[in-house]
């Protein structure tokens, strides 16, 4: 177990290192920072000063080391687009995305598991068929179409829910939260539905398949032979085992929610990291792009480690006796 | 077949004219037809028959656990004089566990890996009996002790993966006995275990039945097991009961020709036969003719005279192999883990003279396959040498090329050893494809020719070449594997458990074939098996392995009749045998 | 009363002199105030200046300042602030400097009187002050923002995100690109003079046009300033809503690189086809402005032949004759110029600034395609487009120009004058350079005689029209959509002044 | 979808009893038949687009601007007929959808082909060879997994934007998108194939081949590769749907194909602007086409997976 965790930790560090190198390459070689920061008409002297200041005149390993050092200290440079420290810009936008992703993850996980179990148990009944068909449509519908459809129906036609933005937010320290106001929650509904639907259907299908397999397994057969009740078998035996593979995949899916939020944020004008990233891509705002990449990688790595831990806790075979 | 007249009390279980059929894409498929049997309290009924005969299906039908798609047709099932096959699903469920207990074949997968042993037991106990948690715990403890698990207290808190296979199977038995059912159905409870563990589990079952008066329906295809344990035996074939009656009677005086063939096909442990009788030989012709043929076939074989002084074909000396199971250095140091090395083979030396068969026996994990794989060039030895006809296949590519086609291997699993996506013709031709580079004469026509020959030699129809492996039975597949092994005209054949996944009857066919080929082609065999009877039948010399070491080696007769090493003795004692005249297993263990 | 106000783009900085563009002025006019503003009707309205007149010296204007005006930090507004602010707006880093090139000196006469001296007589000086916001000198010094934020500075300054104006609204909170909440300033000098019925203003930049419309339809915003053209008809039918339309003081046109160097974004590598007037004329003839009006703009544009809207002084109907498009003639001209098979060129286009900008470019690409000019449309945000224009990194581009001074000189200063000389030509990416014309343009700033000045303007226009360095398309018609309780008139400069609006009762 | 015309009853009836689960389920499931038919029609339509379409919607000069916003099944002012209406540029929507479909399918197919080749090759080699190569491939796959399709595509797009001269950006857009999607999808194949390889190479038929002296390449290509067919087919189908959706999403975000080269996603992006103004057809028809495409491919993917997964039978 310890060895396993350490191996994962080592791999994670490796991943982070590789991504930071990628991010460094993006940062260093994409566009000319002197032009982006100083404009075309800056003098040669000004430019050289900036090049020296950024350390771009040094050998690449030194530059990379410097970049790593900066990154570790949370210094990602200055956004070319909004001309503010990247850290600040990202910190400002992160709460919106993280709240959206967290709520969506919750919805996708719970909904996916509940519906997946239902679908598996009533495989040949009409609920099962309906759920299977719905999940198929769910994975086929591009997120943006879902968003557009939801806006059209619930905001424009029915006037029930807001069509954009986060509603009112409350500042808690440096964190702006929409979870404390009614309008914040109302604003969350449609984006969360949009963001969660795809992942929900994925998890639902996964749970369904795993559940079907578990229900055919020997230990379930043996549990039946011992005369245990059906509920016990489904929830006490099959589901517990099903959750183990589900944890891994669901963990990855949840991790990618943050990146996936890009589309949802665009459709709903959600002021989060995704919208920032798209704007930065369009404006070739390299420091923000580089920082965002690292952030996503970090998030992924952390989620992966957590998943590993949970996995180990859920599966006694991985626990040390 | 009618069951024997029951004694005065009503039987515990009565099955009358039961038939079961399954819905398949091509319409209903009959699996059981007119099966009938009875079981008295405390009685042990052995159910035998070849694979697919419907043994498991009968058990499932009694317990009400048919897979979806299966239906009970005609017939009825009675438990203690009450009809149970017509009960509702919920009532059937209540019967299970409380009145009918079941144990399945595979102890590795029967227990839920994420629940503790205690959870399993307590949950089952409390489903059936109105006990408090602490009472349930006590009962669980008692049950574990009853099935002979030491340190029961600690085991309750453990997870299935922390138990050995034999322990798990005993836990499964304890689980089946939670509510003291009157009837226990055990479906091949020991097939997945090795001989010694198998003997222990069977002993537990026997003892429990005697002590508690539980009736046991023991499904097995191992005649030896049935012979050692059961009071009565029921022989099934193709969904029907062929014969049933007291064990001794059926085994010694089988009435149905099929039973006779089945019994005859079991290789005896104490004699070496020229040929093993097979049911195929037996069933179609008239019983009398069979008897005559069998009588002739069953002549004891004179021991082979080894040409003294001749150089052996294969010489293995000091062969060792280690597997490093520990984590990489850095992690190991960080986690303070010791280095874990598994010595799978240790200083193994033996020689096989040309034209003879060398048998390698030993319990599971003792390193038999490892040795074979090193000889076959699949696994690099850590130390020691292998020389085949004077050439060491590990000494370089040139040596390996020189040996190309000189030796072949036949594997245990006839399903995994043939590429399911290739036609048989191509599978058999494969060794030639590699030779083609060196041998210009091997054009497509020549290859076809040789494939046809090889198929013919293993008694397969010529059109087999155009079919796929899945269109053949297990025995036929093993013959395909043999054909492939023969096509390059090797001198030496390594057979790693070539029959252990086959029925007795099919096993007999394959063994006979091997024997015939040796006679025809002068082959040399290395035969690995954990079935001592098979070794007895086939081998001139035997090596016994334990934990990677060759503990005893010598002429087959000597080793098997007068074992010197204690391990060999233990191994021999654990073998269930029809034993002409029953000896209780316990006495032998 | 709260009004939620949506527009496509946010102001990129709160520094009033850092950038001269619509979205910035738009927001800052609610917070800061210039000396004078121009109302929707086109009249000048005294704001921080109570009155102004030319002194006896025709080159000097005198402004009487309003008394009792407080900055948002509570300090009093005086002549010092005006002097400081005008100097600041003329600083090299200021984007407003081209507007003020004629000024030579700003001086304080008394605490509430200021004099501005220009290089020559400048009758239009008051007009050029309508976007020059006044900020507090003391505040600027205290926060080290005496110079405007440099558009290409590495980092923001204090003024980027803080304000201290005299305007009717105070910024209560601001998240850039998300929302800005403005609250009525309790000590505003205009209390009692203006309706000031809106006491909270929530400014919501919504980039996607569909979302903007959806938000209005679902009642989440009250006022959409740049309504997508296609939605006007539908919204007009909605009884809950009101739609106002009027011509904007803004013309949309294509700029062409007419310099002598070969083009960067074309497949003719040895010379510049656009340097040939015949090619430019062929372009002009190929693009059917009336078709663009009916199809792309749905009738909501006024095709034009001059890059000055009719509001502008110096505009002449005679210049504004939109000819019919003529593909055959255009082809002939191209062939004559040596391009019988046309050539390929990239058209740089904005996609977030002008009404249907990208669609216009595509339509134009279609029209040019018919005469064999294979046009690739590269659409991008305004910020990139502006940067490319400022860096001369484009050969063929769509752009729009509004004229806050309502005078032709503003157009000449930015778009016609050779680039970079005399602090002029900042937005001229045509590489056109004509010394004679430059001289005339410079002279306008100092010309006191209105008749002579008009004549010069006319002569400049004649050249511009003849040279065809710009291909005018149309004047924009703006559409404002709002809930019924509001009735916000379309301002030609596209800047609503919320302090002026009354709410409908009931 | 209308009721699909059934093949000869004899054929279907025979399939219904076939040994192949794939054929059996196909013969039984109306949904799968409909999906096959839909996909077939869409493929055919895309293939024949240049002949079916009235105009080339990529050629700006072919468009009749004055016919913009013609509703479906009407004649425009120029007299041309628009079965599915026209968009804001006077582009015949049917032609645009046909060509857009072509682009979407092309991008999907090319991305799948590319990722499949790379993924299968790397997965096979990694699984068979093991050791450092395996470790390397799997670590790279881990890193790749960190970034979902969308992000990779955006990143590549961003990098391409930064590196390519502006004039080439639009021409390169298709390749950039294909590369981006392929780059984020290969992991799927590599991981699965490696897994299957690890299982298969343990099987005795591989050992038999090695004993027979077959070369490593012969074993990889002759034995292992054919066994990967089923999983590759299943992943391929599902990732094709994913690729089509990813492409449309990117185009919708405005970082995919340019409006002058519209794919279905671009068409939807354009159409979205007209959602509230009454020109519903500009959004609806491309959206329906995309949905039909994704749905039928996914359905087929499910069908294949169920048919090839022995566990589900």
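Couple of notes before you dig in:
Going in written order, the chains are labelled A, B, C and D, and every chain counts its residues from 1.
Following the convention adopted for this analysis, a residue touches a chain if its C-beta (ideal position, glycine included) is under 8 Å from a C-beta of that chain, and two chains touch if they have at least 3 such contacts.
This is a predicted model, so every value here is computed, not measured.
Compared on C-beta pairs in contact, B-D and C-D come out with C-D as the pair having more. For the pair subunit B and subunit D, the distance between mean C-alpha positions equals 48 Å.
Centres computed as Cα averages put subunit C at a distance of 46 Å from subunit D.
One finds 50 Å separating the Cα centroids of subunit A and subunit B. Inter-chain spacing, taken between the CA centroids of subunit A and subunit D, is 24 Å. Among the residues of subunit B, none is found touching two or more other chains. Counting partner chains per residue, subunit D has residues 254, 272, 275-276 touching two or more of them.
Multi-chain contact residues of subunit A (touching two or more other chains): 148, 152, 156, 266, 282. The set of touching chain pairs reads A-B, A-C, A-D, B-D, C-D, using the touch definition from the header. Within the complex formed with subunit A, the residues of subunit B that make contact are 63, 65, 93-98, 101-102, 104, 106, 109-116, 123-124, 127-128, 158-159, 161-162, 172, 175-176, 178-179, 327, 330-332, 334-335, 337. Subunit D contributes residues 16-18, 24, 203-205, 207-215, 218, 223, 226-227, 229 to its touches with subunit B in the complex. On subunit A, the positions that touch subunit D within their shared complex are 11, 14-15, 18-19, 26, 30-31, 136-137, 139-145, 148, 152, 156, 209, 212-213, 216, 252, 256, 259-260, 262-263, 266, 277-278, 281-282, 284, 286, 289, 293, 296-297, 300-301.
On the side of subunit C, the complex with subunit D involves touching residues 208-210, 213-214, 217, 228, 230-231, 233-234, 264-265, 288, 291-292, 294-296, 346, 348, 351, 356, 358-359, 362-363, 365-370, 375-379. Those residues of subunit D that touch subunit C in the shared complex are 59-63, 65-69, 88-90, 166-167, 169-171, 254, 258-260, 272-279.
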